[in-house]
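Each chain carries a letter (A, B, C and D) given by its place in the written order, and its residues are counted from 1.
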């Protein structure tokens, strides 16, 4: 069981999070773990190595350089597994990570064991070093982020195979027989000057703060995300062929790539006599399945989410609207997260009704930007978040691939408007 | 003399604005007017035709279809000079506008005369039709936007010629002998819940409203834009070689394009014995000139403006901060605009000290987005602004190429973060 | 009347060829002459200037540097109008020639007059200088090549305009009413050791020699080029959809560009009740016209010509086969050339039956390569031909856009296998 | 020991060739075998599978469809491992072969065992079926071609790793201490009408025939390939910076890719005090090594080979010149082939003096084209060679990575003019 947020520090958390990463590749071969299906995705092996590099670079190298067990495991890893920290040094080109057949998966596992053991020993040696504990905690949250990426990247890789192999049988169950769609209802939220952003105790990434005031006009949010049946209606109404619903750049992107459906949907050939539902199939981490109308639509770009909302006479919420509504609702940060072992969004009620946390990341209309007063951390770790604050849009709420305990109401995920391989869906909003 | 904002309606304004467009191409040959130097820029001839198409499509075709003088001037122009209005019909591919050698410049001028005359007659015939007057006013502001684009696009075209020809001799004077740099001072602004956006009387584009409340923390703005001397110091300090100052996407862009200076700067070959200032030259609409340290730096991308601000220990303002400060200062919307005939930013004092309006557009850190409650206009005109609200950044304040009377405190200009061919500079901000 | 090959030297030829270039742009505006529709094509103005640059650089600059009338007309032209002679200096980037709005067409015409006058004077002053006369003759043949390119480049430019404007009305007449297709007959040619290549008197480009022996197996050539009706049958038989007919690289190219017909063919919308012939239209220098089944098919790539030949159970000839057959036939080098004022290939009999010379360039299966013993000329002029001898295929026979008197049996034209904007067709060959 | 050409049929050859492929991957992990470093290269696993697919598709499926052991091993392999045979069916996209993590290497090995066993049984059952034996022989030669590609593709993959790992230690020995360069001598060859092409007994690919007559002028060939010391002199003389030596397309390619040395050469950082030789290192299948001046230069593109020859005052031979000289010399087809276990070209004398066969493939100036009378085989196997006969250049003689027994004097290898990852070098020629 993955620890809850406040526990994500200390040796027990370290062991649990590190083991969880390793458990994720258990269904995969070394070959699966080495391949890279597109520049945005990384091989699973690279995720396993990079998350170790993070501890080695930002924890072990800083606290224990002269001590023998903390010597670099392999000097070459410094560049090979550096993602984007210019202050640390060079980086092996991102788009070529699939070419790193050396070190092998077994060697990376040995690297992991070394880093976990050394970090464990370091924590034992400096039990009262708050800065050390803070960086270890950051490393654990960092590793949890890569756990989700590992799943989305493997999903993309498997989707490129004409046989659409499954990552794990049974991890994407259909809605129960007889289940019916939950009605869409609007939940009004009063506006005014409200506070958002991480304010207080517990871990948060630097981009979640400072806590600050914003002014919100009254608005309403839907009680649940948009589902496949609703999105299919958009497609059948010609939504992908009508530029009026699309942002101009989104329309160009859709035309250039000849898109007419979400990333992992595909029309079934023999649909003549079938029901409308069975005309579509969806690739999941359990392989190809009939589209389930009740489950949240997922793997949408910002452009598609925005176009759907416009067609539906609504809009996307801002991230402040999303966060304030979540805080106002006062719900615990629980829901359908990855520890359930179900790696596909489920219909409302399977885990909770509102699906506010977990299930699907929800696109907001907010461009990813610094909060007022934001300052990146000093040193190389300061490159973690701040330098990406341009041309990306914020997603909120976590997904079925997010580790339990990783999320908060103030959590800000962000991707380019064209990104579709994350577990990204949407919840409608409107002015009130 | 170009009319002031509140006068931009009626026949006199129509005549003045239309004539101003035609005056802009007086220094150019038909060949100059036909060429297109990059997909983002349009030929001058196309600007002249498209601004006429706008009146023909949104005014003449709507009010007077059965009346003979208002028949389409040429049915082919409907697609040829449609910029991006999908609801009107097809569009000739943007990147190929330079291939439209037909109609000739002379034919486009005849088209202009026809449209101006017919619109004049229509206004005379329906003196009390508010909707007509509103669309004519929109057409005039639209044409003013293209007047600025015509200048920036011609500047880019001429810059591609190895001889760096001038658009107009003398339109970019150097700072007076003996002038010295104005000291940079910070002007504190109190925050709180403030209102921004166009609220009331007079014309504004739909994207400037609705007027709405935002919460601002206290902040300070510089008293003037950054100048060439300051920006040169950034270059000489290695600013283009240090990733720490740059957004990640900006750094990649800078590396991919091997950039090391603003768009129109070039190092002078024989700089060994020269003063540092004379080591650089700048291409202007008056041709190549020695870099003038006192004048505002111009033709920066968002990425460069942001990197400079970070290096300077400051940041870009948000558009709400910019607008509120402008309103708080209570200055009239006057300054160095294009009607002065000086088509290059001048040192402070030449027109005014603060250079708040005119001179250079100032990048803000705000992604271009809909204001709360924003609704695009119904019909094809609704495509004017709303569909571009993604992956662009807002610039404020107008430039030396903006027609006088075109600007307002609430005016929102917007370009992609890589755009450099506009008269774009920056003013520093910081938390207070 | 354009002079015949053996006359292409001396002052009279100079005047005639220079005037012919200028006559070609008479139907065009300065705007037409300035535009560039693709990197492979050049603006008409550029052709006019470059052919003058050739005389200035290789004749005037060499014979008369100290003499005042021969000073550079404009020092900037040295790079602006250099096509590809690295030994002369830099070259303005080929793909941006459409941006050279300066010098104007009028200035280029003045440049032409200057160069023509100075060369005339030089010839008068050195009547017995064989090297001078040889270079002037080379310059005249060079200019004739550009006369053909000027027409093909203008045709491409006009084809990009949705209204498909004509270069000259009436220059592409239809076949006479009642004309019928000439039967395809095979003309056997005995092989053996034969000689090809320019051997003797009169001008030839360096790539046409040395004359040398080759061994040919017996073969047969068709009596005329493939016509539109035959090529349409290939299309209707699914020729563009069957990879078996295509070279692998050609098939990839066809798929990548979604090609299904020759460059300037277009299906007519309202073809339901029409005859098959009228289902297609073809863009010509006289504008869009119904496809004429009897006229030679033109504007084919090598890949299309080769695929057609394979489908027809035949093959393309080698250039040696083509040349030897032409010499064996003993026909005069006459036919449908550009001086006729008919700028589109005509049905056999309009000019001659065999259409061996003129009408359409005929793709051969020969890669453009040096003949045994080939040596480029010394100096910059040596860059004329030799450095292009890779990845291009030879075409033979001239076209309706080739100046009369320009061609010889040994003449080698060459283009990349994807090039379609030349007047390129094919004649079938087979083993005998 | 690999069988000689005439033995390459029957069960013993089948076993030997199939085992040789499997031995080639012995030094590699499953991860190494799955990666693809560029679209032109394939993963080692793909080579192992595709060569089995070839037997399954063209032998097993044709001779024994109803017989149980010959059922498709896996129906999905039909498309997955089809390289380019359109007549067989679809092909998995070439550039994505590195994404095929399924089937695993172990499964591919099982596929190989199945195919080898079934083919063995088929041969036993039909001992007198000449067509069967011919296709098995074709399959074996096909597999040998892929053995060489497997080595060149793995070399390219390993070269992308910053640590430059070796495929096999010791497989690229340096020249013996005290060895000196063999003097370059010219061997004159009389011309006339000669016959080339495969004429008679034994296996040959279809593209090697028919045997036919060509006319050759007298010429001379160098006694050995160009070596590293000679090529280094070309570099040091500025050969990569002087366009006069280069074909125009080659010069553009060199500039666009900023090339200044052969593919696997790299300048050594600390060369200040070193000897000129040690200023360069070369990546080999044994890892990075100091450049050995006496060994043949290898991994050149056609453009580089051609530029070197021009600089050296010589030229590349035609393929007819190469083949005729080889036949005239009357040497046995022996030399430095891959069975020696030395996977890098050695200095003359290590295997033989002339290095006519083996060592390095030698670029010829001949574009890859059909011989007179060439007809591809009927059916899908006809796609083997013919459809690639455009925009490629012929190489002759085999290399140190070619299986012994695979080559003949008439053997035609072919690659694009930019290809550098094969073991490609050159031998100079000149007119006599």
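Quick notes
Definition applied: a contact is a pair of C-beta atoms (placed from the backbone, for glycine too) under 8 Å apart; a residue touches a chain by one contact, two chains touch by 3 or more.
Bear in mind the structure is a predicted one, so any value in this text is a computation, not a measurement.
Shared contact partners of chain A and chain B do not exist in this assembly.
When the contact pairs of A-B are matched by residue number across A-D, C-D or B-C, over half of them reappear in C-D.
In this assembly, the C-alpha centroid of chain C lies 38 Å from the C-alpha centroid of chain D.
Between the Cα centres of chain B and chain D there is a gap of 59 Å. One finds 46 Å separating the Cα centroids of chain A and chain D. Annotation for chain A: no residues touch 2 or more other chains. Contact residues on chain A toward chain B in their complex (touch as defined above): 84, 86-87, 193, 212-215, 217, 243-244, 246-251, 302-303, 306, 315, 365-367, 369-370, 372-373, 387-391, 417, 431. By the touch criterion stated above, chain A contacts chain D in their complex at residues 29-32, 34-37, 76, 79-80, 92, 96, 98-102, 104-105, 157, 160-163, 165.
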